[in-house]
C-alpha cells in the first residue's frame, strides 16, 4: 500500500506536509512518539490524528477540510507564514498527489484532463521548496495509461521538483540520469512495472521486491 | 467622545461602504474564517459587480462563494475555485473574470498592500503562465517577477474575540488570511464571536492591533437561507 | 511652550507617533480620557504615562528608551508591523524634531552639522507616510541661525512631508503657496518671527497671538 | 530519539556554527531584546571579521554593540549607529564597513529573507542616497527601488519563554526584530528566560513557531565583564 510505504520516508522529528488524497493517509503509519510535525497550509503546524466522532472542532482541520487534532507543540499562524515555512525550506518532506511525472521530475497535478482550469492553489510552492518532494499516486490512469512519462503532456505544476515516486507498483528515484527503479511492490513483477511506465527506467543494483 | 466604543456597530452600519463595484477582500480558507453575518448582510444589500480578493471561492453556499453563486461578482483574484463549481461555470461563460495566483504569493501580495510596500519579487519558477504581462528583474543571475501589492476598498474578516478598540485574536485554522486582510483593506470590518473591554486581552497575544479595525460586529453565527 | 501648543493638534481617538526630544513631552498635555493611542516604532501601540520610580519594566519603553506604561487596548508587535502601520497611513499624526525645514515642507533632521553620519533610522518613513506631520523645534539654531529656510542645506530626511511647524515663536502651515504664519507665541512679536525666519512668510488673515 | 528535547543546549554548543567571517543577524532595538548570554558567548569565542545585520549598533557595552567595540566586526547592515560612538569611530577610520537602510525597510528585507521571497519594492521617496547602485522599476508611473531580501548564517534572538520544540513568546518591547531574525537565519539560536514542555504554550499565542528555532539556551541574565 502506497501510504504505508511512503511513511518509511519519514524520520523522527521531521516537518512534513501531506497533500490532499493518498498523502492524507500517511499519518496512520507514523508512530506518535516520533514527534513528526505535520504542516498544513491553512496555518497549522502540528496536526494530530483524526478526532473521534463528536470531538471535531469546526475550525480545526487539514487544508483539505478533514477534521484534525493537535499534538503538543502545535501552533497557528497566518497564510504568509504557512507558505513562508515552505519557501524558506523548513519542510523536510512534502508528499503530494500527481497526474503525471516526467523522467526529469517535472510534475503535473493541477489540471485534470478534460476538466476546467480551477487554479493552481499552493501546489507549486510545495513542489518547488520542500527539501524532499515525494509523489504518491496510482501507477496508471483509470484508462490504463502510464502516469510516469518521458515528457508531461498536461500543464506543469513545477519543473525538476520531484525526488521520489511511490505507486502501488513501484518506488522510483528521480536522478540526474533519469528514473531509478529501486523497489517493486508485491504482487507486481518487474515486467509489469516496465510495461506500465512511459519513461525509461534504470534498474537499481539493489532492486528490492517488497510486500 | 469615545472612539473605541464607536467601532461597535450593526451589520448594516458596518456595510455602508459596500456598494456596486466595491473591491471587497475577505479572510477565510475553504470558507473557514469567512465572516458569515457580513456575507449575509452583503447579499441582502443586493450590491452588484463586486471585485473579490481572497484565498479561494469557498463553496456555492458557504463563505464568499455565496456572493458568486448569487451573481454579485464581476472579478475575482484568488488561488483556486475548485470547491465552487458555480464559479467555474460563470468563468467559462465569461460572466466572471478570474485571475489566479499561487496561494502563498497571493497571501504575500495582500500583506504587501497591508504594510504599504509596493510589491514583492517572486521566483520565476513559480508555475506556468504566471509571468504573462508581468515585469521581470534579474538579481545575481536569476530572474524574478514583480508582483504588485494588493489593497481593497473594504475588508471583511472573522475573529474569535475583539476588544472595544478592535484588537483581535483568532480561532485555530480560522486565522489564515484574516490578519492580512485586516491590514490591506482601506476599511476593515471584523465579525467576532465575543466583544470585551479594551485591556481585557493580554497585549502579548493580540494578533491584529485595533488600529487596523474600523468596525466591529457581533456574529449572529447563523447562516440564514437566502432567496 | 512648544509641547503644550502641539498637543492641541491631537484629537480624541487619534493614533500618534511622537519622536525623540521635544515631541516626547507632548503626552503630558493630552487628557487620558481622549483614548489617544501613542505609537512607538519599537513595536508598541498604546504607550501610557511615564511610570513612577521603581515601577519601570526593562522592556517597556519608548523607541528612545524612556520608561513607559501601557493604556488599555495596547498591543505589542514586531518591527515590520510597527512600520507597516506607518506606511499604510494608519497614523493620524507624527510629531518629529527638525534641524531644517524648507518652505516646501522638505525636512532635514538626521545629519547633525559637523557630526558624523549615523544613519537615517526610521525618520523618513514617519515623515513620508503619517497622515499629518508636524515638526516641533526651536525657531533658530544655538548659533542663532534660522532653521526655517528657503532651501535646506543639510541632507534631507524626506521631501514635501511637513504639514505644520511649531516653534517657541510661531506656528506655520506648509501650503502650496509657501509658509503661512497662523500664530505668534507670546512674548515674541511678528517682527521677531519674520526676522528669525529664513524663508518668506505669508501672514494669515486670522493671525493669532497666543500665550 | 526525541528531536524536541535535543534543541536545548549550552551556549557553547549553540555557538558551534559561529566562526570567523560568519554573517550573524540579531534581534533587539537599542539593545533591548538582544540575547546577552549569546553575545557574551560569541565574545568569548574570539571570532573575527563578523558581518552583522540588525536594527542598530546598540551601545558600546550593551547588545550587539559589544561585538563592535571589541573589534570583532567587519561589516554592519543597520538603520543607525547613533547610540554607539565606537561604531562611528571605526566607520570613520575605515575599519567598519557600514551599510544603512531605513528602519522599516531593513525589517522588511529581513522578513523577506525569512519567508523566502527574493525582495521587495520600496518607494523611491524613501530618503536620500538609498538608490545608489540599485535597480529601479516603474509601476503605474511611479518609480520603485528593488531591495533584495537578507538572510544570514546564524541568527541570535531573545524570547521570554520557549517550549521544548522551540515555540516562542516574547516580552513587550523586546519582541522587535526577533521574530523576523528567527525566520531569516539559516541557523537560529533562541536565548530564553524560561523553558517549558511542548504543549504548555497556548498554540494561539505562539509568535514564532518552533520550526524556526534550531537551538534553545537558557539565559543566565548576567552581563559579565569582559577583557
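Note that the chains take the letters A, B, C and D in the order they are written out, and that residue 1 is the start of every chain.
What we mean here is this: contacts are C-beta pairs under 8 Å (C-beta built on N, C-alpha and C of every residue); 3 or more make two chains touch, one makes a residue touch a chain.
Everything quoted here is computed from the prediction, not taken from an experiment.
S.K.: From chain C, which chain is the farthest off, judged by mean CA positions?
M.R.: Most distant chain from chain C: A.
S.K.: Could you please state the distance in Å, as a whole number, between where the Cα atoms of chain A are centred and where those of chain C are centred?
M.R.: Distance between chain centres, rounded to whole Å: 56 Å.
S.K.: How far is the middle of chain A from the middle of chain B, if each middle is the mean of its Cα atoms, in Å?
M.R.: For chain A versus chain B, the centre distance works out to 30 Å.
S.K.: Between chain A and chain D, what is the separation of their C-alpha centroids in Å?
M.R.: Computed value for the inter-centroid distance: 35 Å.
S.K.: By the touch rule stated above, which residues of chain C touch at least two different other chains?
M.R.: Touching at least two other chains: 76-77, 80, 83-84, 86-87.
S.K.: Give the residues of chain D touching no fewer than two other chains, as numbers and ranges.
M.R.: Within chain D, the residues that touch at least two other chains are 108, 115, 117, 123, 170-172, 203-204.
S.K.: If two chains touch, include that pair; go through all of them.
M.R.: A-B, A-D, B-C, B-D, C-D
S.K.: Using the touch definition from the top, list the residues of chain B that touch chain C in their complex.
M.R.: My answer: residues 1-4, 114-117, 163-165, 167, 183, 197-199, 203-204, 206, 209-212.
S.K.: Within their complex, state which residues of chain B touch chain D.
M.R.: Contact set of chain B toward chain D: 108, 112, 115, 117-123, 135, 137, 139, 142, 144, 146, 148, 169-172, 202-205.
S.K.: Any idea which chain A residues touch chain B in the complex?
M.R.: Going through chain A, the ones touching chain B are 40-44, 57-61, 63, 65, 76-80, 82-84, 86-87, 116-122, 124-125, 128, 155-159.
S.K.: How about chain C: which of its residues touch chain B in the complex?
M.R.: By the definition above, chain C touches chain B via 12-13, 15, 35, 37, 39, 45-46, 70-77, 80-81, 83-90, 129.
S.K.: What residues of chain B sit close enough to touch chain A in their complex?
M.R.: Touching chain A from chain B are residues 29-30, 32-33, 55-56, 78-82, 88, 91-92, 98, 100, 102-105, 107-108, 111, 123, 125-129, 170-180, 207.
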